[in-house]
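Labels run A, B, C, D, E and F following the written order; every chain starts at residue 1.
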């Protein structure tokens, strides 16, 4: 009876329900085992509240890409390329679904390779991934839901890159580039940061070489996409007429709609990264909200100061920057720190986008580098600066004690580990992208013909038009 | 016959239409156009990129009239469209050789 | 104490919490009863995690129609008819709310008639439908939430028909047609498939004549609407100028936005159909995701093969087809089967839409038949082929044992029952629609005047315009 | 053991889990205390199902504003002002985030002032607001999530006002007005109605002077914004050309999309106001659905009767009116009453908007007064008329017994208290708005220059255009 | 040379284009316009506010032709665009002094 | 006076505007139009239905000029708008009887 109740109580603590069943002889690592046949009805099943939240979160993260990001980016391009951006988001959703099912989930969250760089082969083709929890990652969430949730991250990350290279990369080249990029950059990086045997998973890997922390993907998602975006847009070259012809957003209305969806969906991204509906999720929800609202206000305020007008694009950019920067930090910092994160997130990407880009003259079409690379890097660093053991008990959990993260947290020096993680992420993204881009360029070429680019990719790559408003009545 | 082409400010369309009606002219064709002239445009800024938009929204009226009515029509347009501020627009008068009403095959002034 | 804990443990299993209380004398069916007064605080109440998920799911299914489907369809019509499609979706939401409250819920989920074809009268005007669970359908979900959740299905089903008859049916005729259709087709069919006394409810009705299975509405929703759509569009005739004037979608941007919303909302539709946040829901969530992403990719790939261009409409059509086909199957198949479902869903409706329609020349304006009828029928059949007892314990539950479904599952012959269910659904939809359509045609006419159709239904039926972009400054 | 199980059982009842621990000596109020050190793992933590629902609900309420309301309002203005409406919604999101974090939450939900009008200072800068529940408001929901949830209400309320003054108020004036309005009107009113020491919080304040009830914000949100909107639009004056130039909505498509989002998001608003995923939430979900669908149908039906055409704007207006009117009532009335609420909500605001406004000639641009003030006032009154103790046990809870609300409910005279609450709300909104508006008008002026208003606020206030569709290929 | 300006109902565009092609004329420039004339507009109602929309969607064709071809072109347009209902539109004929093909600098009738 | 009507490729608008400014011409009216001629259109496919879109986006300029300036203006347009590829467009010159500046009532060449 005590064990039965203890298993249920674990539900409220997001703890392992089988802990109290571990009364058998010790295994070779010295951990007590569960005697054969001993179980309770609350062991090995999904917890309804946690499962509900993770299904909701997975749906919300999909919502970020389809249609959130597709609208955010689609609104910012010119009319003739709106569908091309949408097709790229849709195409990545399809492509990554297949890659993730076949190899991705296993390469990231498997552990059979026992490697810091790649997961394992045990879950190839999602073998054995069913509705029982995988307690390496979540005590109370169905493993298949966890796998789908993580798939949504694997979809949005390459889709973010699309922003930098919008309006001038062939659809076929985008698809081939991203296929290679998932294997060369995303899967290893995600394993390094989030896999239980990962190189820089300070929270869950007791033997992590780098004791870095990344709650919801500052390195894995935003730095990886942002820095790859910069490199790819440099290799690709500028859009025809860049700097001469004006290329204003064709619909700030769509862009604003996309921003709202990104913000809403991001709760799944950030609070969902607790993989439970517990107090850590609640904290992530709160810091995400505060940082985002503040960053939106700060960016627009800076615009108002600099040129007397606060713009819708400014509010939207600030909100997205706030979301990006708080991503790695949200589950580790308190609400006061979240306000500081918001202020910095509103200010630093603002200068990256309005000053750095004109200075260097690269054509980061929709500012993936300025917002995601700069913001992601800033966020990874700030996570180290602001992290607080009081907010998240995993920072002082078993793994963190084993690898010494707990002491770094107490000593306030996690930022050193974060710098290491930043360096590795940056190097992997840059090198990986360079290799793939140059090979592809040589093999099939990256850009459409000049005529195609002039006519717009909607017609030339997809044979469609975004809007046909003519009256024929 | 004359074809009067008038470029006016969009918010004056209703008034010009009424003035023409008062002058007995009840047919016209209207196009949304962009005008470029002495009137200055505005500046738009998108994340640090400034664009100067020189072209301003205008409305173009095309009105076919009998020769005798042209002067009255022009007078009506000019009076109704004037604000006195730069960018009020222009009236162009072009000779018109023939007019046909498609519905009835009428030709000339009766077709207007 | 044991009973108190057992009731709580039932929450994690989505099982009946009162099971352990059944220690009283047996009733006339030989089942033990609960002694008077014996209860625990966890009996007869909603379980928070399950209730949370079902409220979320109900909201998601509403989102599928408003604005999801309204955008998906609205984007595909010509500018002059965009509002008419939206008005029809909105009008059906209003109409069905009233019908469902008054009669619908009771006719579908009541059991006082003890009939395989109609439910009962006990819940007319939602009498007695309150926040306590109705354990016939859900052990841990408030009955009123269940009723609202099911109402959202009753709203979207007739709204799907709108796609086939878009741009050429009078609003008044649409509303009257649908009113009759709900009583003649939807309510009986939903009872047959999902009511505990339903004719072909293999999972829950121990005495079902047909041991068919339909997790989230392949027959009830997609076949019924899709086949009715075909018949109605034949009775109605083609749009003026069909085949001569081009009628391209006026906004693929809106269509894509609607697709994203449909996909996101569909998680409520499919995973919500577990009526719990349990492992079955988790499985449905997973198979839905995999089939949809794959189908989107496959459809676009076929386009690329056939005509060298993958289109946004192709991706969207594939995604929707994937969602449709996996709907009846999602809670009964494993993830490997989901990939097969995805491939077939991307291929077969593709051919229906691009080859079958031109061949026969009917004017299924937005392809309700090609996607929902073909896809729904395919899905119903594949459900029988791929269903796996390992995935869903209800396939071997009490009712399934009583009616023999468990043996069919084990023997792999559920598809025979599925064929029967397909036949009945098809017959009901076709005959019901023919009757209503011909009566209405005679009584008030179905089509607007030629002038009205030419001018567009937005102006003539609703007195509004979709867009007024003129500058008046 | 009994206490451990009882704590868990409290989760299913949304009751205080520590109740059974209160076995220590009585405190000065005569309540038993919890002996030092006595606790169970299920005490003082968030309950997963409830927390999951409240995070979902908070995200849904944000979705109502961004992009829901921004689209609903944005679609109804002319092209040249679409971004100004969106900027105002975004700006308020940013502004209120900062105000709420710094003072708002504490002023509304604190109790250190022990005042009926303002909360307290204990939570300034969200000090101590962490993931543990604040049992004054929710037994099982993290306090920080509760704070964020309530913040979303504080964002949408001023955003509603924007509808009345659209197209003619300077952005800087909007921001300054709203800053003052939050302190003068919203924070005190929200405390009066929802704070545990609030003046007219009949359900939770045992010593409330006015025993009024307001489940989700009929007074706090809709009356306050609606009446303030009327006053502000009178002070501001009419738009240039109002009554002469036609000012039709530039995109009913966007308006309809916004309506769908508002409806979906409103489930977070209404069912979320139970601050639990319990039976009360389930009831609120149900009544909200029924009233909204019915009101949409009724409004459109009245249009059809009056002028032979049911419009999309009519359906949308009816749906929003239904949502508004049912807001204060949803957790207190049964489903039959919800249908009556729906009918009245479809009819009375319809007449306010189509008859009252032309009669008096004020320029309530997007009908904030007609829908939210009239609807909110109607709802507050109907709540008193229809409230039913059977639906919500808090109506007969400890506080309700202490202040006598339980007897008013039994006697059917709650509407008298509601009238008092209506009077106070109306007075506060009107006086507060007048004061701020006149001061601001004198200080910086409220309106843009005539040229700016003619050119449109998008360009003059924000330096952007909503749509740039020109083809440049 | 003549510049033929034809205002027609939008849904007749395809037919007129074909009729012109049949008459050997394969170049034209098309503009979406709003027409005002005898044909009545419609009423739109938004929450109790009624607006009368007088301007109806029309399509304007501009076709440069050699003098000898003008009559045939007009004939083709009028025949194809006619529905016999009010609002069918008009054809205007304006004298044309010069035509230049930008690509080749050709001038006059060969440039058409 | 002459009314010059030029049909050009949209992306050439900026260059033509600058060439005209260099020629001292600073006023013009611009319309988005669709052109039909020798240049081939494209095909769009929506779920198996193929549509051939013959009409290509073009920009139309209308420029009133004094007789003496016409040749220079045409020259400027042709030079700036030429890409040498099919579809570069045309220039039409129409006689202009009168010009009125609405703001000032000026008439004739001073009104241009």
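Just so we're on the same page, contacts are C-beta pairs under 8 Å (C-beta built on N, C-alpha and C of every residue); 3 or more make two chains touch, one makes a residue touch a chain.
Because the structure is predicted, anything quoted here is derived from the model rather than measured.
Note on connectivity: the fewest chain-to-chain touch steps from chain D to chain E number 1. The pairing of chain E with chain F is characterised as different-residue: of all residue numbers used at this interface, under half are used by both copies. The chain pair from B-D, C-F or A-F that repeats the D-E interface, sharing more than half of its contact pairs by residue number, is C-F. Here the CA centre of chain B is 18 Å from the CA centre of chain E. Averaged Cα coordinates give chain A a centre that lies 55 Å from the centre of chain E. Chain A and chain C have Cα centroids lying 33 Å from one another. Each chain gets one centre point, the mean of its Cα atoms, and the points for chain C and chain E are 49 Å apart. The set of chain F residues that touch two or more partner chains comprises 11, 31-32, 44-46, 94-95. Residue positions of chain A touching 2 or more other chains, listed in rising order: 1, 5, 8, 11, 47-50, 52-53, 56, 60, 245, 248-249, 307, 309, 311, 313, 454-455, 463-465, 467, 469-473.
Touching chain A in their complex are the following residues of chain F: 11, 14, 42-46.
The part of chain F that touches chain B in the complex is made up of residues 3, 17, 26-31, 62, 64, 94-103, 105, 111-112. Those residues of chain B that touch chain F in the complex are listed here as 2, 5-8, 31-38, 54-55, 58, 60, 74, 77-78, 81-95. On the chain F side of its complex with chain C, the touching residues are 44-49, 51. For chain D in complex with chain B, the residues that touch the partner chain are 241, 245, 454-455, 459, 463-465.
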